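Think of it as A, B, C and D in the order they're written, each chain with its own count starting at 1.
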């Protein structure tokens, strides 16, 4: 690869000498972007793209924001041209007039991203670029239009058909594993020994989606415990020492942590596909697995209690009851569940199966939900029906026990 | 994979039973397309997509044309909606109004293609679908708008950054090699023995681009001979027996055949990148290679002679001369070279280096160019300049010898 | 690899220049063998070994025979030294005296083979060397002692624990597949199309043992057809066109061809392990497979009939009957079955299940057995018992139908 | 694999039930060993071998010693039989009588080891078994004869031609990397971060030999630093932060740590081949590397000083001088260098290039050599000559500077 890079670098410099142009290192990123979009970009484009990506990587936040501003302002949709093309198309629809609409409807910054992406390794750099953008957008909402274009491109590039599910194990490459340690967002992995405990035993599994153009970068991963029965506390799964069982003895697969790895892919959803495919793969490998369930945090509980002026009950049963009520009833303005994790699993067709107090003793667990956790159950016979009802009427699926628990909360707290 | 398919098939059927819908096998492809685009497509979409692709594969041409007609007509751009969104955006530009324009500017058939593509293996099936479309468009030009959308999507999916260059050798998988035999378009491979002669000797190479979602399907490949000196006839390269040289002894790499494999990727160009990367890889492996050259057919010569009422000269020198003149002067209406192979290599920055009579004795070679062939030279010091001049002023780079040869044709024939 | 070779070649030549020795190219293979066994072989040994293997490969049969004669005569057991070491050991058994016996009991030609084997790729060349030896031994039985030493070494090197079972399919490398074509010994593969018909359909399988040091060279392979019911004729399996079934529909796996690939590994048996492991792998992949059976030739039938003065019956039933009798009763002097294929499968614990006339219409099939074939059945519940009885008492397992058939032959022909 | 194991386990139990034999779990390891060597071992052998290896792994040291005692005593050489076979051979040399000598000269415990080795994974277990044996031999030297047989077998199995050199990097599997941490014997790796510092930077390399039957177990590995100039202290290489250079800028490859991983392969030497092949591979990848050198400990210096009643000088120059003298002059009874690391590198053809005081500040480095270290230089033009002289006359190659340094020690200390 480096030889190719060297060759291209050589080509690149020759190009500018030949044409009598100024050295690209003296040109602004904006000028280089116009060069790359220009007619001669086809031959020298790869070297130009690499140079631009390297230059971008070296910028500070102010310069990055300025570059995004340029994209938002100067490489944007030409509304007038689009209107004209549209009129011509409506007047005389044809392949040519349709092509003109399509061309006018796409702002040049989309083509710029595609041309940057011709360099090996560029995909990951563009994903990182969007992570910068999402951060800088908070200061300057005007950059949001650039994000829409990147998100549109990424939806195509990271189409489900291009993703590859790979098991992550203790014999995975260390440079992938260190990313699992870094990205675990639910129950922090505090050392390589901790990681080994989650990957090496035969009753533990981990799976991640990868994109072929970012082979060392997991996009999202899920950690799974194979158990007998449904566990009610995270320390039952993670504390040491514990008794390992043979994978064949397990009747339950517990998805106890799902973590997105790429901030730059926010909003490009693949979590739903991940769980479906892991369920399918585990069911094939271990036909005796009958139950697929999560052990999930309730990250919005404490905030909701605080916003609605309710105290967090001291007594475990009361905590479970108020959590049940929260999961079944607390909604956002748009009618969807208040709890983000609930939104995710209920949207996938899971149901609320059971609620456990004293289940997460970590500082974070105590702060966000008073230590309460929840099992979402993926019952393959009911996934589609649950999903349909949730999507169309907002109806939340739950076990009778959870419904009864929520009802008891009403009596206690209202 | 098949277990996943089975599971999804099971999910799929349950979905329809659960919802009381009619069996998908009784629904039309058009109805299924609307289902897949609908809100519940997220959970049952993978099974639906697979079912649709299987159904499509079983159709005859008339039904395929009807399906494309549906895409052209019913899943097309809503011009009115786009106009309204555009007005709103111009009145009050914002992230939201821009998002509305983008949404309105994309016809639903693009999203349909992305949802079909979530199934493993779908990418190849969608490429085959476009091959059908390009064929059927000849009868019904109105389908051309569908092609524009597929082409737009494929340009994103087959972006250079996602392609992988792989050497093809006699230890490549047989199912890939049989495609090399099938797709060789320049000098037909007539048997596995013939293939072995082109791949196994150490002075022969072959490289192809692959896409990760179509791992067994080469997209385009180039065959290379490593030689001492520039060869002037294809039988010097392909006839047997011949003396093999050690790769380290070669000073010249001859690109003697470049073949596209996927009719469904017509217009998505990667030939240019292929040659650049193969040059880079060979230069790394064999530092003594100093010359990179083609031995190319001249497919348009006979037709041009016929169209311009010139006879094909009998005498070899005169044939060479008229071929030189043709390559330097014959142009299409748009000013680009008449010869398609010349357009390709000159557009990449090559120059016309030498012309050989009696160089291709095959029936096809005699018919299309009276057996004349040409070397295009990739001189790394001049590629960018050649390309720039060709792209901007249409100037064709050629060796002095070739220019002199063309001049001699003027004297002889005019 | 070639760079290493070059470096070693350089080291090699320097060695001789440095030491003032004559050029190795002027030394005899015998002298080089003594050099390699000598004390300085440790550093320059790899280059010396490669040089010797290359030299050997260029020899004609007479020179090869002379080299083996040298090994037989001059690098042989020193009986006197062994006797002395043995006496010392018996007088005072100790680690040291035992080590001396071991050292004396091993002729230097074994160490020579181990030192030759340090070169990458040497293992295959040594196997080819033994193939030469086995051929030349027919002329000069005195070389047989060399063969015993190679065979002893190879038994260690090709120990079952070092072999790898790999499926062979239509996506295997062409350079492996051309060896399958070349080595198929039972039902010749006449073209790449014929090979594809045996590998590509989902109701056909092939498996081979490989050794890691000879990764492109299958050692032995078996071809398998997945069928419904037990087939009674080879053309039912091999003729085209035929209806392919889904692998999941099959209830029977038919081993219809087993071929050894390496004449140089004669007598190093792994066929027995191959069948056991293929049965295990197929049973895992396709749990509905209930029957594991061969469709085998009867290569000794015609010869036995001729030796015992019996005519080959014209009538199919009579042919079946005499074949049954032959398989159950014809024995060699040592009491084992006359038929080599019967010896192999009965020794593995199979039983004679059924006999079919008109089952092999090939010239070879008609010549060797009048077209009669046999199914040997691997009944997992009876393999061990069958094997035990066969190994200890010579008892041959057979179905009642086959026994009745053999009895009918008695009536007809005696 | 596990399915195969299950199948074999099933076969195994059926065997004993069928034959009416006692359950193998009730039989002693000694009885099972005789079973495995017996005639019926061919079919049920794989299950029996696995059962034996599992049983062995569960034993305590006393039972292991008893089992080795059984091997030493009861599966030993039959001296009488060997004497008889030898007499017969001398009386009438033939293929048959030679075969009889060979058979008699091999104790049954060698065949037992080969039969145990038919199980996948057995090779590693047998290597671990020898590690046990070497430990237990210290108590019971009578077991030494068993070791001689295992060592003989292992020399064949781990023949250089079967070993595979693999680079170890930060993208190697974690289960391999944790063994690098565990086995590093020279400069301890104290954490995964420390390991990353030795593997991830582009001016650091690591290579290991593997055997195909033990794919996760490195046999021996070497750590390499790419530097400008020859370093004189280990903390220059290992301390952080330090400036990383591009690999292409380096002129020197420093072998700063070589560690054997398998106690059970003691005496089966491959270190010499490792260095030769790493030099060849690095020279190919980085043609600008001109110097190949070690930075090595001097583990015997302090002990030699103590044994010869010399004090360790305080002054750095004096320390260097006495170390030079030690390396050039201190010998064992057999005339070879006293220092084990010196024996290894001088035996490989290296020369003593330079000596550094204050070069290893670790507790171990101070204890064993007062912090002094040495560079051995692998000068490709002189390796063979150095090796020859060392092997034949014991002459030690050293730079003039080192010789002068040693001479100065004479003056100072005598």
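Quick notes on this one:
The definition used in the following text is that contacts are C-beta pairs under 8 Å (C-beta built on N, C-alpha and C of every residue); 3 or more make two chains touch, one makes a residue touch a chain.
The structure presented is a predicted model; accordingly, all values stated were derived computationally and were not measured.
Taking shared numbers over all numbers used, the chain A to chain D interface scores over half, which places it in the same class. Each of B-C and C-D has its own count of C-beta contacts, and the greater count is at C-D. Chain B and chain D have Cα centroids lying 54 Å from one another. Separating the centre of chain B from that of chain C, both taken as means of CA atoms, is a distance of 47 Å. With centres set at the average Cα position, the gap from chain C to chain D is 34 Å. In this structure, the chains touch in the following pairs: A-B, A-D, B-C, C-D. Note for the complex: chain D touches chain A at residues 170-178, 192, 196, 200, 216.
Across the complex, chain B meets chain A through its residues 3-4, 7-8, 10-11, 14-15, 18-19, 39-40, 42-44, 46, 77, 79, 82-83, 86, 89-90, 95, 98-99, 101-102, 105-106, 114, 117-120, 122-123, 141, 144-145, 147-149, 152-153, 155-157, 159-162, 164, 212-213, 272-273, 276-277, 279-281, 283-284, 347-349, 380-381, 383-385, 387-388, 391-392.
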